[in-house]
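Each chain carries a letter (A, B and C) given by its place in the written order, and its residues are counted from 1.
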Amino acid sequence: MSKPTSNVPPTQLVVDLEAYDGPLEVLLELAKTQKVDLAAISILELVNQYLAFVLEVKKQNLELAADYLVMAAVLAYLKSKLLLPPVEVTSEEQDPAAIAAALAIRLKRLDAMKNAGEALLAMPTLGQNRFATARQPEASVTTNVRYSASIYDLLQAYSNFHKRREAASLTVVRPKLYKFEQALERLSNLLQVKTPTWKSLQDFLPESKGEEASQLRRSALASTLLAGLELSRQGKLELKQDEAFGPLMLRPLDQVPVTG
Amino acid sequence: MEIVLAKRLIEATLFAAAKPMAADELHELVGEATDLDAVMDELAADYSGRGVNLEKSGKCFAFRTASDLSSMMTLVREEERKLSKPGLETLAIIAYHQPTTRGDIEDLRGVSVARGTLDILLELGWIAPQGRRDTPGRPIEWGTTPAFLDHFGLEGLDGLPGVQDLRAAGLIGDSSPQLFGVFDDEHLIEEYRDEDALEAREELRPEDEESNND
Amino acid sequence: MEIVLAKRLIEATLFAAAKPMAADELHELVGEATDLDAVMDELAADYSGRGVNLEKSGKCFAFRTASDLSSMMTLVREEERKLSKPGLETLAIIAYHQPTTRGDIEDLRGVSVARGTLDILLELGWIAPQGRRDTPGRPIEWGTTPAFLDHFGLEGLDGLPGVQDLRAAGLIGDSSPQLFGVFDDEHLIEEYRDEDALEAREELRPEDEESNND
């Protein structure tokens, strides 16, 4: 249990931070310092090494790309899980052992591809170990290409092009609406009068002008009606309508002191 | 050097060399102690009657393909290819918006037009320069040709499908596309190719340098 | 065509060609009735152990000098194009995992793949689009080309160093990497360049949307 945190100072990696392509590569390099087969690396130790590395970078005030920090967060979480005694894993939470195993596989895959790249370079390559003839080709296959397109292709290309342009420039304009909250506030204020009289709902509407006037007016009517109903429910006003589709009249009620 | 190895080495060297090689050079390659004449005789015998022969001209050696085969070595193929998506789009834009410049097309498509794309359309004879626009840089204006109309079975540019509808919908400009009298302005084509070559050179240079880095 | 003549013709053609030639092309050259396999087997046998060997890379054939002679050959060597580390890793991933997408490569390497990296490999002629994957975004799938096999002296993808062990260890996919029929999908390459340009433009000038409007 009392393993040394790391036998390689993370400073060494920090020095050539530039040489690393992201956190995964740093992890791979750290894993290799454990001097064991990649299959047998200690994930917990690796996590400690990585967190020490990030700390060291911060200490030296070096810029660290966001993905290094994301990896650090993931690993810190993993560490906390690995240190706890195994508990039953709930469905939402991933098994820490599984996360650790997945990380080990990722490192092995990356390592395999790095080695494969080196192995490719060691092959007898053309121009270094094997040679082609340098003479001008005397003959070869000449291909005469005839391009073709139908009018349908042409049209489709043009309409696709337009569709793409449309999609690129489409912006949805939020319609200007008179909100219920606005109406409620306005109506409450307008009702603060000394002598309550019957007035038409229309008289309480805000003035609207400009292009969106009719749209705004309709939404104001709806909101103000709702506000009227709400205030009447609270007992602050009365509503009446003398005939079907006739004007809706409202009158404030004597204010009863409101509590809370 | 052992004669078998010497033969192999000379065979490989002559194969890879761009030019015939002098006997002196070959002798140096296999070492002075090697009997070069014996090696070359064996090699000539190995290749006699084959598709490739060892030929001596003066004091130089080279592999040459057998002369009786040369007429059979060329293979001409016909291949029909569909025009690519960028090619089709560029053609459509030229057809509907002509006369139009490369800059126009790039503005409309939002991406640069590869040199090859215009080249293919030009080679197909479907587009042709219509003149130069009187704006800075005097860019070439492109339009479609009678060969274009012919290929797509159109009687005229007004026969382009949906051109009226597209105009009504405000998708393309108000004015009818213009058909110009001059379709094969050789001068303009030549000038285009010149500019093209210049551009190609400029494009290639920085790339070459990049690929040299490690 | 008579087998002796066919052998001579193919020998001459391959000797003169710097690039590998596809079996299909050779078959066309000697006539469909000719047993190409027999011809190629004989030719390979004729050249085995010599200074020049008949090499097979994928479905292509080429003559190449024997690699054991390289240290003795006094030729001017091509300047080696050193691939960058990301370039080499990306090439290895494409070779061992093909067909593979840019997203796959990024997953494996844990970092994003710079556009230039794929571009360099594409320009070297070592990778080519193999199609599009049937997943959202329909990303281009990449694979290696016959030129890749030729450059590294591989007979096929199964000859990739360590490929069997990696497969057994589950570090690469189960199925053999596939060599596809279509190697020069010009359309896909053009589409890739197009998307590429689009992406480059978005990266460079995110705020410049005006050029999209008319």
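Note that in this section a contact is a pair of C-beta atoms (placed from the backbone, for glycine too) under 8 Å apart; a residue touches a chain by one contact, two chains touch by 3 or more.
These numbers were taken from a predicted model, which means no experiment stands behind them.
The most distant chain from chain A, with centres taken as the mean of CA atoms, is B.
Judged by contacting C-beta pairs, the busier of the interfaces A-B and A-C is A-C. Here C is the chain whose Cα centre lies closest to the centre of all protein Cα atoms.
Our note on geometry: chain B versus chain C, Cα centroid distance of 20 Å, whole angstroms. Averaging C-alpha coordinates per chain places the centre of chain A 45 Å away from that of chain B. Centre-to-centre separation between chain A and chain C, using Cα means, comes to 37 Å. Multi-chain contact residues of chain C, defined as those touching 2 or more other chains: 13, 15-16, 25, 28-29, 63, 65-66, 73, 75, 85, 212. Shared interface positions of chain A, i.e. residues touching 2 or more other chains, are given as 131-135, 138-141, 165, 168.
For chain B in complex with chain C, the touching residues are 7-13, 15-17, 29, 50-52, 63, 65-66, 69, 72-73, 75, 77, 81-82, 84-87, 107-108, 110-112, 114, 116-117, 207, 210-214. By the touch criterion stated above, chain B contacts chain A in their complex at residues 12, 15-18, 65, 70, 73-83, 85, 87-89, 91-93, 95-96, 108-110, 120, 124, 151-154, 161-162, 171. The touching residues of chain A, when paired with chain B in their complex, are 131-135, 138-151, 153-158, 160-162, 165, 168.
Taken together, the chain A residues at the contact with chain C in this complex read 21-25, 67, 106, 108-110, 112-135, 137-141, 165, 168-169.
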